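Okay, structure first, notes after.
The first chain written gets the first letter, and so on, giving A, B, C, D, E, F, G and H; residue counts start at 1 in each chain.
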Amino acid sequence: MTEIKSHPVDGLLRTDRMPHIWCPGCGVGTSVNCFTRAIEKLEMDLDKLHVVSGIGCTGRVAGYINVDSFHTTHGRALAFATGLSLSRPDSKVVVYSGDGDIAAIGGNHLIHAARRNVDMTVICVNNYTYGMTGGQVTPTTPDKALASTTPFGNFEHTFNIPNLVAASGGTYVARWTVFHVRQLTRAMVSALKHPGFSFIEVLSPCPTLYMRRNKLGAAVNLMEYFKESAVIENGADTRTVALNEGKTVLGEFVNVRLPTLRESYEERMKEALGEKFVPYEGSK
Amino acid sequence: MSKVDIRICGMGGQGVIMSGLVIGKAASIYEDKWSTMLQSFGPEARGSTCAAQVMIDDVHIGYPYIDKADIFLVFSQAGYEKYIAELKEGAILVYEDELITLDERVPKGVKTCGIPATRIAQEQIGKVITFNMVMLGYFARATEAISLDALKKSIVDSVPHGTGEMNLKAFNAGYNYTAE
Amino acid sequence: MAKSKPIVDTGIHFIDGNMACAEGAIAAGCRFVSGYPITPSTEVVEHMAKRFPEIGGMFIQMEDELAASICFQGAVWSGVKGMTVTSGPGFSLMMEHVGLAAALETPSVFVDVQRAGPSTGLPTAPAQQDMMQARWGSHGDYEIIALSPSSPQECFDYIVTCFNLSEKYRCPVFFMMDETVGHMHGKVKIPDASQIDVLERQNTTRPPGEYQPYKIYEGSVPEMVKVGMGHRIHITGLTHDEQGYPAMNADAQQTLVKRLCSKITDNVDDISIIKTENIDDSDVVVISYGITSRIAEYAVNTTREQGINAGTAQLVTIWPFNDRAMMEIASKTKNIIVAEMNLGQIVNEVRRAVGNAVPVHFLGNAGGRTISPELMIGKIREVTR
Amino acid sequence: MANNNESTPGDKRKGTVVINEDRCKGCTYCVRYCPTGALEMSVRLNHKGYTLPELAHPEKCNGCDMCGMYCPDFAIYGRRLNSREE
Amino acid sequence: MTEIKSHPVDGLLRTDRMPHIWCPGCGVGTSVNCFTRAIEKLEMDLDKLHVVSGIGCTGRVAGYINVDSFHTTHGRALAFATGLSLSRPDSKVVVYSGDGDIAAIGGNHLIHAARRNVDMTVICVNNYTYGMTGGQVTPTTPDKALASTTPFGNFEHTFNIPNLVAASGGTYVARWTVFHVRQLTRAMVSALKHPGFSFIEVLSPCPTLYMRRNKLGAAVNLMEYFKESAVIENGADTRTVALNEGKTVLGEFVNVRLPTLRESYEERMKEALGEKFVPYEGSK
Amino acid sequence: MAKSKPIVDTGIHFIDGNMACAEGAIAAGCRFVSGYPITPSTEVVEHMAKRFPEIGGMFIQMEDELAASICFQGAVWSGVKGMTVTSGPGFSLMMEHVGLAAALETPSVFVDVQRAGPSTGLPTAPAQQDMMQARWGSHGDYEIIALSPSSPQECFDYIVTCFNLSEKYRCPVFFMMDETVGHMHGKVKIPDASQIDVLERQNTTRPPGEYQPYKIYEGSVPEMVKVGMGHRIHITGLTHDEQGYPAMNADAQQTLVKRLCSKITDNVDDISIIKTENIDDSDVVVISYGITSRIAEYAVNTTREQGINAGTAQLVTIWPFNDRAMMEIASKTKNIIVAEMNLGQIVNEVRRAVGNAVPVHFLGNAGGRTISPELMIGKIREVTR
Amino acid sequence: MANNNESTPGDKRKGTVVINEDRCKGCTYCVRYCPTGALEMSVRLNHKGYTLPELAHPEKCNGCDMCGMYCPDFAIYGRRLNSREE
Amino acid sequence: MSKVDIRICGMGGQGVIMSGLVIGKAASIYEDKWSTMLQSFGPEARGSTCAAQVMIDDVHIGYPYIDKADIFLVFSQAGYEKYIAELKEGAILVYEDELITLDERVPKGVKTCGIPATRIAQEQIGKVITFNMVMLGYFARATEAISLDALKKSIVDSVPHGTGEMNLKAFNAGYNYTAE
């Protein structure tokens, strides 16, 4: 009989910090669960995987995954990760953050990191709200939904995040939900293998601050909604995947190979400087 | 008592803060005293224990944090364990006696008053959610820290529109409870 | 028609400092708030979001603090009163627009509910660590006004003062709260609207052609204007002349920046609010502000009962710093203790102001909790021994 | 660790689950998304007061670990029993 | 004989500040010329037109147009304009700024103002460089082009700005060049009439800092290139309008009517609060 | 293979301060720069963009200063030396990440080539108005180091010192240049690489399991580490324990923040560089820094020729402020003049430090031009009359 | 202001241009984009040293104001002569 | 002269800054003196006048700004007008005499040295762009502020690779120029 660990992915977790801070039924945990499985599947060298987060409930992911990890400032994880990724050509840098972190305050870094096709994987847990600060409106809060800062219902149009990332230049763009654990894990595998800017939007329940306020019941209710409303359309035109009542388009929308920031830098410099060019290798 | 330090503790969702508000309002608005209330905040507080510190005094209150309480109103076992040591000599402990088991940690000289508030709320009001009002009623009688009248006005003022009567009924049930 | 909510919520309330601040801003005439959520300040804007739609105001949650701290300035130049609200990390992000407000002379109120830093620090714990940042956080030379409340009642009262000062002096006015004051419930008396001194926006009455937006017609503050009055103003953060046009030379710089500073520093007496108690012939005065003043009140009362001749000075106005008032305190006491929830900020100002007149002792901590009454009582005893 | 569902020699069960009760927050995901319906919520609470799941129908469990993938708290996992690799 | 003014649009200019600071042949001036003509065509009430700029050569536009105007901070004009626009429902707020101002440092405000469909017109003069600071690379600098910060040629992928704005939610999106003065003026008329977020990218020569460094000759050379490479495709799919060697797709790409931020706010509040709702009117 | 450029450009050069700063950074081992253009600092990054591809470094122009000020910190944690460069408005935007660097203890260098403010101000004119901002611009309690060069040569020399200090103390180190120094050409001697004292990054030699990233093994600064060494570090801007894990309580806050500050304030003597000349038994000492020190040099030389017993003190290190050195100067002279291109920043520190020991006079302006030698000579005369 | 191209009674010209020489920066746009080729760059410089355009072929000018629309410096404009409105 | 303050002024594109660099380098690198150079900056400088201030001294230079110059090297009329008043007694004015017309504003006691540098550059070198080198050559002879050798080395050092000879030729042409 094999020795029983407390959990098969415990090796990838900072078990000394468990239980984690996420609420019962919070989808962030399930997404991390999928993430650890993707890492295992890829048999990644854990010395070459670095996780960077901003601030938020999702931002706490960096604190639970047992690789070199950074919990930076609200919205700026991508910029920190850009410096890290450029300096570590052999590593994979993963940014794990919430929708507010990435698409509200961090929006500029999102579009520019995507434009530059920086070699990194971004996992954005979209729970339709700012969890950490108590449930304020975000650029992804559905129309009319209640939030602490929209007590009479949200009135702002929302982002279609996959479309925004694709329009900015992201070369791998997918969306799944935490209900779709297998597909999400597979997408994470693809994203981690993808050279360049890969982005996965993960729809996820925040039972405590989004669902309760909107009287949506328990976390499983949203899981059920994800299941029922899911329409899987790989390669879908991202302009058509905005989240609408009753229909949740999921899949791998974009997957193209373009030179990464580093690749185009090196190509340019080689062309211009020839043998005088000395590539930046960071510190090894 | 001129200055009364009241700690309230329970689980998130048990109405800890609302109880603190009712007491604070009663004192400062309906008794023309001074009162402060502080509540626990932060991600760590989410879903787990939740606490409030209420101070009442005849004069303006300086330091608003409670070190040791005169009255400890406790709704959950975890809350009990967290704060039971921090009571003054001669303090009053008002607790939910079907959720909490007292033990040797209750400091000497503390008056303990237990009430099965959950059951009362369920059986007499039909809404467990009014549990904290039952607790408040019992607190009112056990401690006499604030006048009945002020507390009742404060309740009507604090609870959602249209639920005043139900909450007062729960309050009264607590007030009238006598341990067999 | 349904009865609409009163604009000023007159009566006695039991509310926390954040809500009192929001209500005070409404009473002061604020009708536009742009913000971005951050603990422990979020309740202020949450309350605005609830109240404004029923009283003709508007709250907008912007994409970040950079936007929040300039969006409301756009509204202010349209003629309304506006503010933004934040805490530590967000406050740091607002610094460029503090400078903008100083340069444009936008009447503007910035609320900072202080939490423990640096960086993300302890988001839900109190501190008074942004006091120097409020004064010096943006680049360049400029002056600001900063007030600090010690109770929910003062949150209401002094945010009104902040708005009035911002109208009078046309500069960034900071309301430096702290987590404890923000989250503490207490008794708040909101007077009848007629009882609240509110300085309304005074727009110029000079017709287009006879008016220049940065010309001094009287005093040291230019006359305000709003868009759409026909003046065809041009407003820029570049160094500008009286007309508001860019003036790219050192003379214009000297004239403008010196005026931006002196309009504040020349009026310290008008701006400064300091509440003293028992300072005459005392052995020690505890100088403090914000929540720490409540602790000082308690500690001094306790030590006075024990026979120590101690007094208090609450700095309601922190900036501009009132050197003269400090010297006056120094002349009446034998010792000064400066108590603040940081490792030494305002104490440096006091030291500079009083020089060697009396010993200035410091009682501080690195934030995360208030200074305990025991420590303060101990310090008072130690100093007077 | 509730580990009492381990296989015994000769056991015909295809799989079982391991539950780390300290971590569980009672979200019910494992119960809901077990494809064979092997789990149910029990009436037991852990020390934090969360209701725990249990392997109510051990014979149904095939150790597919769907529970383990859904669990947000890394509190449960399924494992195959008597598989060739062991 | 009519009295001869120094220029027919002088009434719209701060003539006391002429000549302006722009270099000989700088397209910013021509775009402003078109803008003044658009205002004239619309016979706009000049008390109800406000211009807001960020920082840059283009950012100086606010200082030359004789309406209430604001020269704010680098990148943040849109945020200032949002507050102004919400407070002045009867006015038209125009943001006039460069590509760096709008799409580099100001990127976050661009995508969010577009998402919210704030009622404003944005004119972005894209001259492929940071003019004011001496010719650094921008998110629109063409591949391999020289800039002071890319002395060996640009290696970053560029934004397709119309596509980015459309993906963010902009409801009117067009692109013209300063060669196309008539079309540009007409587009400005349409944009100014459009309720909601209207955006025009104006391609423009910066002879001093972009063209000289890249040995592109005099300003007219780029004008000629605009003329020759122009392909007018109204309604084009914005994903196809990236600026490529030899082809410059121009036209009105998006023109849809959606509720503006203010409209959806008011609708939401009326629905939730009924007669208790008091609209925000700013100060009048 | 083509001969590659030497990494250190040894020799005598006639270059401006911005280029000297860039060359100095390269000599100090900097290999990653993230920046965003802004006058008058842009030439620094432009030079980096030119030099780096031939020496294995990398410059990236980020989308804004928020990104620029954190991007290089990512590179630093990968094991390289990095910096960012900006001026006034950009400096204001970097303040949140100054606090981050302080909290993470990222060895980090921020160059601010000061121009006249507030706000956009005079972009091409000099000032020394960001000196207090450098110390206090971010929220929360923290300490930093700041140096200020007075010539292109010092730009080269002291940026090397900045990098060394950032490695030694693991804190944000500011290089406070000004437009004049940045744009002034002058003679710069770049020594042979072997002659330049460069403190290399010292990563921990402790193996995973025996190492905690914020534990103090020796002295007061924790041992640095980089990613990929197997330590599986977690680094956070939240208040953290020795392991680097979030520690959400006031005790952890006290421990951490007090150490962050004391590691600097306890080592003032090690960090502080002050160049004095002719101060002993003088009638007046002009204290200044940056370009103003050159003017002081000129003015003092002139007045000495006229028989006035004047000396100078150039503060190369501004922060941490060296109170002791100020007292020492005060003990040797009869008057102090603090000259700076602002309306009074460092003069306040001097006043606080020397108390009533000697009169402290102030000579400043609102920026946009340097202080003229005539004014300074006049002030020296006036004070010694 | 070079205004010497004004119409005289009985003039058959359809249009003319007005040049504000102080503003001109000599970019040549007006010359290049005049649809009738009425303008040419002169050899005259203004006080800033910029080469000025001139109405070299007044008979060609129809006052369409294309020069005026292209001019980045608001230094030239075309106007119709003898039109009905006048 | 131990300390020499030189102002150079012209239009953007005339090589003003390059001239300043050549002088500064010559002094500080090839004569082992001290030198500083400051140039005009800013949007306002774009396309119009462009100025440089060069100081040379045997000792380290304090204040690097020129109030009144010892030598004024001027390439354009606008530059002449802007700075002609700011000359010391006995200063030397070196100017392009076909581009600039001197007038009564030249301060008394100033030595004026004109040279048709544009024409010389065009006629003798075939490249107007070398005009500033012609001016420098004439400056060298007229002022003797710096040694010929140092200036020549500095030129080779400063101009684009491969253009050294041409520029030296222009320099010599200026140096050898004698007004008829």
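Methods note: a contact is a pair of C-beta atoms (placed from the backbone, for glycine too) under 8 Å apart; a residue touches a chain by one contact, two chains touch by 3 or more.
Keep in mind the model is a prediction, meaning the values are calculated, not measured.
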Target chain E, source chain C, minimum contact steps: 1
Between F-H and A-F, the pair with more C-beta contacts: A-F
Interchain centroid distance [CA atoms averaged], chain C/chain D, Å: 57
Where chain A and chain C are represented by their mean Cα positions, the distance between them in whole Å: 39
Rounded Å distance, chain B centre to chain H centre (Cα mean): 87
For chain G, residues that touch 2 or more chains besides their own: none
For chain C, residues that touch 2 or more chains besides their own: 39, 53, 63-64, 66, 89, 96, 100, 119-120, 123-125, 236-238, 248
For chain B, residues contacting two or more additional chains: 42-44
Contacting residues of chain F [partner chain A, same complex]: 1-2, 4-5, 31-32, 34, 52-58, 60, 62-64, 66-68, 70-80, 82, 96-97, 100, 201, 226-238, 245-246
Touch list for chain F against partner chain C, complex: 66, 88-89, 91-93, 95-96, 98-100, 102-104, 112, 114, 116-125, 127, 129-130, 132-133, 135-142, 236-239, 248-254, 256-258, 260-261, 342-343, 345, 348, 351-352, 355-356, 365-369
Contacting residues of chain G [partner chain E, same complex]: 1, 3, 6-7, 18, 20, 22-23, 25-29, 32-33, 50, 65-66, 68-75, 77, 79, 86
Contact set on chain C toward chain A in their complex: 35-39, 42, 45-46, 49-50, 53, 59, 61, 63-65, 89, 119-120
Complex contacts: residues of chain E adjacent to chain G: 1-2, 4, 6-10, 13, 18-20, 22-30, 32-34, 37, 178, 181-182, 185, 218-220, 223
